[in-house]
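Going by the order they are written in, the chains are A, B, C and D; count residues from 1 in each one.
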Amino acid sequence: MGWWTLRAASGALLVSLAITLPTASAQDWLSPEKRCPSPYGADDERGAANLQTAESIAAAAKLIRDGKMYELGKVLDRNIPMSPGRSFVLNLQRTSGPNGRNQQGGNEETVFTELGQMGTQFDGLAHQQLGPHLYNCVEAEKVARRGGFTKLGVEKAGSFFARGVLLDIAALKGVDMLPDDYMITVADLEAAMKQANVEVRKGDAVLIRTGWGRLWTVDNARFIKGEPGIGLEAAEFLVKRNVMMVGADNWAVEVRPYPDKDLFLPVHGYLLNANGVYLIENLDLEALAHDKAFEFAFIMEPLKLRGGTGSSVAPIAVR
Amino acid sequence: MGWWTLRAASGALLVSLAITLPTASAQDWLSPEKRCPSPYGADDERGAANLQTAESIAAAAKLIRDGKMYELGKVLDRNIPMSPGRSFVLNLQRTSGPNGRNQQGGNEETVFTELGQMGTQFDGLAHQQLGPHLYNCVEAEKVARRGGFTKLGVEKAGSFFARGVLLDIAALKGVDMLPDDYMITVADLEAAMKQANVEVRKGDAVLIRTGWGRLWTVDNARFIKGEPGIGLEAAEFLVKRNVMMVGADNWAVEVRPYPDKDLFLPVHGYLLNANGVYLIENLDLEALAHDKAFEFAFIMEPLKLRGGTGSSVAPIAVR
Amino acid sequence: MGWWTLRAASGALLVSLAITLPTASAQDWLSPEKRCPSPYGADDERGAANLQTAESIAAAAKLIRDGKMYELGKVLDRNIPMSPGRSFVLNLQRTSGPNGRNQQGGNEETVFTELGQMGTQFDGLAHQQLGPHLYNCVEAEKVARRGGFTKLGVEKAGSFFARGVLLDIAALKGVDMLPDDYMITVADLEAAMKQANVEVRKGDAVLIRTGWGRLWTVDNARFIKGEPGIGLEAAEFLVKRNVMMVGADNWAVEVRPYPDKDLFLPVHGYLLNANGVYLIENLDLEALAHDKAFEFAFIMEPLKLRGGTGSSVAPIAVR
Amino acid sequence: MGWWTLRAASGALLVSLAITLPTASAQDWLSPEKRCPSPYGADDERGAANLQTAESIAAAAKLIRDGKMYELGKVLDRNIPMSPGRSFVLNLQRTSGPNGRNQQGGNEETVFTELGQMGTQFDGLAHQQLGPHLYNCVEAEKVARRGGFTKLGVEKAGSFFARGVLLDIAALKGVDMLPDDYMITVADLEAAMKQANVEVRKGDAVLIRTGWGRLWTVDNARFIKGEPGIGLEAAEFLVKRNVMMVGADNWAVEVRPYPDKDLFLPVHGYLLNANGVYLIENLDLEALAHDKAFEFAFIMEPLKLRGGTGSSVAPIAVR
């Protein structure tokens, strides 16, 4: 376990990580004894968010030179792809009025949706289980309440301001879109890094482009049915570099269905549960790819849903 | 009207504003003829968001030196203050599992709420009406659909990365909290600027601290009943300086009830409808105030609710 | 206008209607002056529900001889036909447990839907407007609140126990299903009455079978696109006989689209607004038709949604 | 086990029960072996609803003499008592219009609520568990889906038309309301039967008045905190008489908290799970009590929520 100073209660990050953290390997992750306690401490509820420090933020800010901003979040409406059983319903609500000499009128909207897991979305540490366990071997049964988790809620993760790196695998392969069930390899990641002339470093937000996002609202059925993405080997490669989060332009980051039929969404469990590394799904990476913007400041502000499993987000890249 | 180049469709901002924009004065705002078309064009749907440029973003990024981040968003749960008729309901949803050798299990949450107007919130250009009109004299009836507005939806506003300025009126007055119905004056703003040694500039996010946020979840009834805040004079002072948005640690930015009983939420109409200047409500400004952090990068990523009137947000300040 | 005694506040019906009520004719219904006040009084909020009396209930009960019950309500789930913009979402909610020696566990469900207008549904007197007016020329603007109507809410209608009559137009025509845009004529109603050897009387619930219900969950798109049903002439025929409500196995009772293109859902307005006659939609009339059950006790218990426009219902016929 | 004919698929009830069914006694109910399979068959999903037959319906209809109807359902709005974590939110929705020469306008409402367990409510056979088991020892895990139970859903119960009996325990004791934690005894039931000169018979809906309903919307906190009601002895007394359902004017039928602290909601489990006897909660029994109406036709039409645990209802009594 590495050494570091603790995060102050105020939300200001004082953590300093001088050495690389040991991480749960792809061999160890199914064993609670080997993956727990988290290297961030047995009581930790923030996982790799601990890698974010004032220093890392200041360094990421220095990547902003021209001030060009890229919107990485998809627009939310009822026509976007969603897993069976999920919903997105927005109803405009005209509130009372006209009032006063200014004839004031108010409008708002009610929304019913799986807010933690809708559209471009940030997966928090209570989203997935390995057997009975959330991240850090917290027993789900002990912390699950109807109104949210009493531990590991997304409000604990905080906001993110990190170095972002784009690994454009679709461009590397010279295709618009990777094949439906393509599993991105370690060699692919290395080649993309080389082609982009970027390294993956501790605390990074690594964004992987598969081209799958082109199906968004164009062919939702195919978009959801399966997807190209990373497997456990590529995930371990990133974990060993101590990234803070992994995002992609598909709906689960990882290849679906998983080639090893005995495993179900294993990259989710390996990253979130075993290593506290966050996921971001359904990113819009087209403009970044178009500009060959491989390194940037990545900023994401999840809604602070108390006890939530994640948050719909609208992150940005700036450089 | 000033001159500027148009925003490119890609989302990259190419606007360059060489001169100060004429703005709707507090005398003119109730007249559609005088406040419309918007100085940003008769078809504009983004209001003061047009003030954000690559240059302004790059300049704001330069305010980040130490990398200290401040979370300005409140945690969302069913116990927060909300106007009568609004709701926030989160229900944890255990999705199917365990699956596979990894015994994968999934959790998510359904949320029912007025998502555009809940908790720390960003008010968009379809939120308020002056008579039949939204911002830029768009007739609400023509663009209101059950599932959202076809014009002026919050997804058009985009994300924000701006210079932020804190005007701490409570500290200026030497109180924890301004009195319930205190209307902040132009002199107050000027004194706070002077005390903080900051100017308010074009494109800024101006955050006004009243101390009212101390009542949050402590005395919700009092929090909602009324509040100290700015009036039309202070709003005009800010508009003349071409600010992009005005935020506060109360629920409506403006003083409530308004001293002129013939006017209802007039600062909302004056800022949003007449000038396209955005509002942010229920900010947590305590840590900024504690650190006397008066100038910073302000970053906010509203959810892209198609046709929405606003968005619950979790903005950050970084310096 | 006829004479009658007033309904007691307790909910017990004391109304006695000795003569046939004058009704708004198909010529008069668009004129507020001619259709208002309602024959049930200028303050009436119950319309034709006033036709239900202790005598009419006792008479309807006498139609029950064998005790055979017919379920006329469709099952509610997310796959049923619904108009664009509507939703039905049910999420199972496991509540806390196990508790005690008995290891008690509880289950429930959250439901988000347009509850007044979903599935087999009862249309109340606040559902439709003719210009600014609800039934009895109540101005909608004056009684519409975000949380419901302050007048004419479905909770005022009460429950129904009436003589029910089936007019099986599909069987009359010898088809499984009437053509998509077939408008049922007065002659059709008369022929069906004759064939069934039943009369339509004051206070009746008249159920019209088109066969359209066969498309339910089989071809939802076609089901919703249009439908065979009654027009104004047939509606007037029923109104003149002082029926209490008109139901059908389609989604709007009336033919859609309406042959007179200048009129939109006119039978709704004519029945609900001009005459206070209720509608029931999406009934399952197959078993009644199979048994040639043309006369029966019809019982319907709308949910008492305060200020609601209607209610999803599961009515029964018993004979 | 008794003998009977099976219910026809059409919904018409052909069951004939010539002898009294053996029932799970209060000694046996915690043992799956002793309470299962249900006397209605190992595959049964309807429990005591099987007691309803054409004969029983015809007999109940004969109790209607004067046609006087009693509304037993409470009005639903956001101010009614509800257990922590539950919600009721109705938002009026103005749909598009005005359309056509008739200037048609439409109104409806979205509702978010725990629809199976809100207001006056019918508890179905998937509502409660004894350990892993629903009624008839169905394993909840095997039939619980996000969108509802695949077995034992409330849509299987059907509608009810039964002999209803009022046992007015509050009147028996000469009080407006029984004490907060009063457990109704077998002697109470017998005395109430004697005073009312009614017997409890097979297939009955037995409605027990505690007076607790007087607190409804008057003192919601006290209403929910505890309640007078029946215990296991009284429940067994009713089960032995083969009643179909037990209702009350409190929120759980049974005394709360339960005097035996080792048991949690035991009457729920004993009636629903062990005997398939249904519960109805939050009934309005005041008018029945006022009229000393002890025997009547009881009619209830639960919404057919596929896979639901129950339904908000608005039952009626008629005599």
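Just so we're on the same page, a residue touches a chain if its C-beta (ideal position, glycine included) is under 8 Å from a C-beta of that chain, and two chains touch if they have at least 3 such contacts.
Model, not experiment: these values are computed from the prediction.
*Asks:* Which chain's C-alpha centroid is most distant from that of chain B?
*Replies:* So the farthest one, by centre of C-alpha atoms, is D.
*Asks:* In terms of residue numbering, is the interface formed by chain B and chain C classified as same (over half shared) or different (under half shared)?
*Replies:* Here the answer is same, because the shared fraction of interface numbers exceeds one half.
*Asks:* Between C-D, A-D or A-C, which shows the same interface as A-B, counting it as a repeat when over half of the contact pairs match?
*Replies:* Overlap exceeds half of the contact pairs only for C-D.
*Asks:* Determine the centre-to-centre distance between chain B and chain D, using the mean Cα coordinates as centres, and give it in whole Å.
*Replies:* 50
*Asks:* Suppose each chain is reduced to the average of its Cα coordinates; what separation in Å results between chain C and chain D?
*Replies:* Computed value for the inter-centroid distance: 26 Å.
*Asks:* Counting only residues that touch at least 2 other chains, which ones in chain B make the list?
*Replies:* 85, 87, 89, 91, 93-95, 110, 112, 145-147
*Asks:* Would you tell me which residues of chain B are touching chain C in their complex?
*Replies:* Going by the criterion above, the answer is residues 85, 89, 91, 93-94, 110, 112, 146-147.
*Asks:* Under the stated contact criterion, what part of chain D meets chain C in this complex?
*Replies:* Its residues touching chain C are 10-13, 30, 53-61, 64-71, 73-78, 85-87, 90-95, 97-117, 119, 126-131, 140, 144-149, 155, 158-159, 161, 262-266, 268-269, 287, 297, 299-310, 312-316, 318.
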